[in-house]
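Two complexes follow with chain A in common, the first pairing it with chain B and the second with chain C.
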Partner chain A sequence: MILMKSIFQYLSKNKTAYLFIIPSIAAIALLIFYPMIKTVVMSFTYWYIAIPKSRSPFHPFVGLENYRDVLAMSHFQKTIIVTLVYTGVCVGGRMLVGLGTALLLNKKFVGRGIVRGIMIIPWAIPTIVACIIFTLALDPVYGIVNSILQELNFVETNIPFLSKPNWALLSVIVVGIWKYFPFVTLMLLAALQGIPQSLYEVASIDGASAWKKFISITWPLLRPVWAIVMLLQIVWTVKEFELIYLITQGGPDYATATIGIDIYLNAFRFFKMGAAAAEGMLLLFFSILFSIVYFKFLMKKGESMW
Partner chain B sequence: MKKYSYIVMMVVVSLLLISTIACGAQSKIELTFYQWYYTEAKYGPVIDGYIGAFEEKFPNVKVNPVAITNRDYWDRLTMDIMSGVEGDVVGVDQASMAAYYYLRPEGAFISLDKYIEGTSFAEDLVLLDDMEEDGHCIALPYNWFTFGHIFYRKSHFEEAGLSVDGMGTWESFKEGAAKLTVDLDGDGRIDRYGMTLPSTAEAISRWWHQLWLWTAGGGFFKNEAPPYTAENVIFDCPANLFALEYLVDLKREAFAPGVRDPFQIQELFYNSSLSMFLGASWSLVMVETNMPTQIYEEDVDIMPMPSAYYQGELRPPVLVAWSTPLAISSRSKYPDTAWDFIEFLNSEEIQRDWITRVASPVNKKVLESSWYKTSFPKIGAFMNLSREFEWRMTPNIAQWNEIDKVIQEAVKSAYVEVKSPKEALDWGQAEIVKIMRK
Partner chain C sequence: MVSRIVICKKVLFYLAIILLCAIIISPFILLISYSLKSNAEIFSFRPQLIPIKPTLVSYKNVIFSYKVGGSTFVTWTLNSLIVCGAATAISILFASLAGYSLSRFQFQGKSIVWSIVILIQTLPLIIVLISFYILLGRFHMLDSLWSLFLSYIMVFIPVGIWLFQGFFQATSREIEDAARIDGCSYFGVFWRIVFPLAIPGALAIGLFCFVVGWSDYLFASVIIRSSKNWTLPLGLMSFQGEYNILWGEIMAGSTLITVPIVILFLYLQRYLIKGLMAGSVKG
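Let's look at the complex of A and B:
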């Protein structure tokens, strides 16, 4: 009772502030919490729309059946492996290419402004446009990539980039790196520009090589931003859908089928909403688990990083 | 001042009243027409034509066709039905009608039984018997198609010294397709391919392979007839293995490399990079639209699929017939008007004047008339050729989308040689049984 009273008093004191934030809370509740809770509920109910068990809008509770169905899918293991490989290589590629580009763009040279603008293009191009361009470029009959490789005598016959499993996965990874490395570049470039030049000057006076400067000055000061950007990249990439779907639709033979693709197919092609929700929950669970472990790792290194 | 205020108020109220009455007098019933043809160059004017004719007959109705491509239509239809915002009149595919119907617990489409009663549609329309779901007729066909025959370029056949008669079996067809796969400029690279089948994961790709399985005596279910249960799945049967091994060989000899959907394959045909493709009656419209008239008239022709020589028996091709019927949304505010529109499209006049320009009519009074046979020589030839062979209808199974994915992945894994044909079919069999058991 006393607690209720003190809460009420607290709320009354700050009621104007709460009135201002109520619309935002309502929007977040509607657009984030409600779908999340609904998805959790769906993952424990029968939601196979193509074959309804009853005509009632209320779907019967089935416990862990959807989760069992997902784990029993013959291609589920392959989907996990593809997701891990795609995420690992793509994120690694973006971070390295992004870092390299950021370091280059941090140097002063003629036309730097123009190059910085051009560097954004992959990120600015709509994903559908980028995917169409690459699909045409990688075509084994008409594609420019095969044409160049043949002209340079690197290959004797055209490479079917999108119809052989390993080549297809490599192709979507390359496109994934190309499309999103500018974001990494921008973040790291901003962090690099926050490093005082005086530190490099002092290092130069002491006779430090470029590599030594990077290891001793650049990298320690860049690491906090690097850690955050990498975490974001991992969280965004692990649920990648549109880029892969537009190029290969998850094929051939599930070679590029990430979890995001599988969730889409289950929900909107096969109408197995329960299974799709269960798969989404598994993805969410592992994403949260990874984030917790990652942050714990960062906290351990806390003093040296921050 | 007070007097002037009253006058101003009276004028404003009068104006408001007049405009409301005027709006009410002009308001029309608006029907939204969902289909995937409006974006096609040849179909758009036809749709405008029959909508115009309908609106002339029913001046208080306005029909708005949506412009969605075939590739996007099915996902859009799923989302819209689940959101309750689909059109009043909804085009569906005969094979997946059930899946979309059950997207809402009460059924996404209304029963048409009461509308059909009292009409002569039961006698006049083909394929009407296949429109039942949940104990009712839920859609009405207004067009239909048959599939497939081989479209080929006569000039390519002449160059290669081939004749249609000499390619009547699977083996001779493969040899012919290999001969048509040529390096035209001597640079060591193939410039023209003999034949190609789609290899995307799109549902539609299943159709291009099922004809070969059926011709060999295989398929998906026993006798391709009910009951469609897990026990009756025959995907790993010897006939299917024979067919798939043949297709893998054919691919090695003659297919254009790369992942292509049916429309991309037709594009290879238009620009002379492909000599043959397996097409439907609707392919004729696309070929006519996309090729120069002279080439279409003089160089493009149709021949039947080859027969399979299997287990000592020459098996002629088995074809498929299907419709893209129209249903009325259970959320439509104007179901009676929507029915008027669907009924109008099945009338003899509209079938003859408009539907025949892009598809086969379903009204027998037009389909079986001598006028139809003589007025549309190429499609008439296509339909007449179709009548020489066995047709099957694609069964209405709710799980088709999922089964499609399995079939395509099985075939693709055999094509890219990740699995042997036997392994691919065994895998497919296990997956389809799992799906049917749910």
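Let's look at the complex of A and C:
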């Protein structure tokens, strides 16, 4: 009775907090957690829409069979390598280009406001439109990229960017860097502007060179933000689907099929739901791993800086 | 001698800036330029950046003559506007309440809720989509805009909570406390004081969500089948037929769906960056 009373008191004190949060929690539970648990279960059951097993239950429990099927896929190794290369090069490229441009835009110059304004354009262009533009620009016959390369005498014959495996992977990586490096730039720029100007003035009086100032002031203060942005980029890039799929559909011959694309193809083109679910679990494992690291960083930083 | 080095540095600096601008903006210029070309000019072996004879014929074709199964670009625009608009409105309402609660109140389980919200940001949604698709099939809800609406809510709410929490964390709570002392209820405070002050932030967060839906291909391609229910990305992809691609029309359609978004982004970017920074980096 006393317990009930104290629970009630506690609840009424925090009533508003719970009331405000319940609609969202309900939606998340129903629309995200419930299907996600179903997918986890699916990854251990036979679920191939095209060839249902006739015996009941309709979707029998098969243990790790789906996982074994995924590992035995002839292109599985390729998928993992493509995913790692795409994620590594894209994130690395964005972090470097982002850092360079943020440092550039942190200087005062005529028209800085305009340049900073247009930085957001690649990010604002819908992914599907970006993919359409690059598909035409990289076309082997009518594409403007080939025509410019010819004009400058860099190449003799047109390069079939999207139909040769390595060129296709390079192309989607370049588009991937172009589309999202402004996010990195703008985040780092915001962080750079939080560094007190007085530190640089003191360093100038001491006669420090620009490089010395970067190494001993800018970088140490920027690094926490840089690390967090990079972790976010990794978890967002490793599951990339649309940007690649809408340019190459994962082809030619799985050369650009990251794990996200392979899951989509397995699930919604070949309707091997069980295998897709099992492959999804691998991606999930990786994502959770990195989000724990991200969370740790966020907590540590929350204590030390803000 | 010294001044010559300074001038050299200046020139290099501005060259770098110009190069950066060119890289950023050239695909956008290309888009608009191609949308003003006739198909004959697009299929030339020496493509030019500036159209020789600018024409609006592609725009006319996209809006008035292109049809798939009786549905037009206008149908798909309306579908996209309605589904993304409704999902954004509902999500903003839910997420702003939750974000406010997380930033202002102390309660049991708060850290768990917050960890879940962050974890979902990194979750590959295709995992959810696999069984979402099966469930929709079981309830005979495939190929319906309602299902797409539900799936966009599922995407928008966690992002919204994440951004709103950061946003409210960064705003002062003094006026709210004063209103509480004057006898306003918590919901009254939220509705009369917090939300009106948060409108620029809410617009930026809303735009962020809206654009995710506006350009979504993954969910739409899985859930929607018939052309009367297509959203804009599905409609655009249909221009890429098996044998010929209507590039002029695709580019005109793409320009139509891109330019308003780009203008809104430019207009709201200050709030957007502040919100993202607060949510993703400051934690």
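Criterion: the second predicted complex is superposed on the first by the 268 of 306 C-alpha atoms of A that agree within 3 Å, B and C clash if a C-alpha of one lies under 4 Å from a C-alpha of the other, contacts with A are read in each partner's own complex, and residues count from 1 in each chain.
Heads up, the rule we're going with is that a residue touches a chain if its C-beta (ideal position, glycine included) is under 8 Å from a C-beta of that chain, and two chains touch if they have at least 3 such contacts.
Keep in mind that what you see is a predicted model, and the values were worked out from it rather than measured.
After superposition onto chain A, partners chain B and chain C are found to clash with each other. After overlaying the two complexes on the shared chain, residue contacts for A:Pro160 are found with chain B alone; chain C is out of touch.
Legend: residue contacts after superposition of the two complexes on their common chain; A:Leu71 is shown touching neither chain B nor chain C. When the two complexes are overlaid, the chain among chain B and chain C that reaches more residues of chain A is C. Of the two partner chains placed by superposition, only chain B is touched by A:Phe271; chain C is not. By the touch criterion defined above, A:Ile28 reaches chain C but does not reach chain B. In the superposed model, A:Tyr48 lies in contact with chain B only, and not with chain C.
In the overlay built on the shared chain, the residue A:Val141 is in contact with chain B and with chain C.
Legend: residue contacts after superposition of the two complexes on their common chain; A:Thr248 is shown touching chain B, with no touch to chain C.
When the shared chain is aligned, no partner comes close enough to touch A:Val293: not chain B, not chain C. The clash between chain B and chain C in the overlaid arrangement falls on one stretch of those listed (3-11, 21-29, 75-83 or 183-191), that is 75-83. Taken together, the two complexes place residues 141, 268 of chain A in contact with chain B and also with chain C. On the side of chain C, the complex with chain A involves touching residues 13-14, 16-17, 20-21, 23-25, 27-28, 30-31, 34, 42-47, 49, 94-95, 97-98, 100-102, 104-108, 110, 113, 115-116, 118-135, 150-151, 153-154, 157-158, 161, 186-187, 190, 211, 214-218, 221-222, 233, 236-237, 247, 250-251, 254, 257-258, 261-262, 264-266, 269, 272-274, 276-277, 280-283. By the touch rule above, chain A contacts chain B in their complex via residues 48-52, 54-57, 74, 139-141, 150, 158, 160, 162-165, 248-254, 265, 268-272. Touching chain A in their complex are the following residues of chain B: 75, 78-79, 98-99, 102-103, 105-106, 189, 199-203, 256-259, 268, 273, 398-399, 401-402, 405, 408-409, 412-413, 415-416, 418-419, 427, 430-431, 438. The part of chain A that touches chain C in the complex is made up of residues 10, 14, 16-21, 23-25, 27-28, 31-32, 35-36, 38-39, 42, 101, 104, 107, 109, 111, 115, 117-130, 132-134, 136-137, 141-144, 147, 178, 182-183, 186-187, 190-191, 225, 228-229, 232, 235-236, 239, 241-242, 245-246, 260, 263-264, 267-268, 273, 276-277, 280-281, 283-284, 287-288, 290-291, 294-295, 298-299, 301-302, 306.
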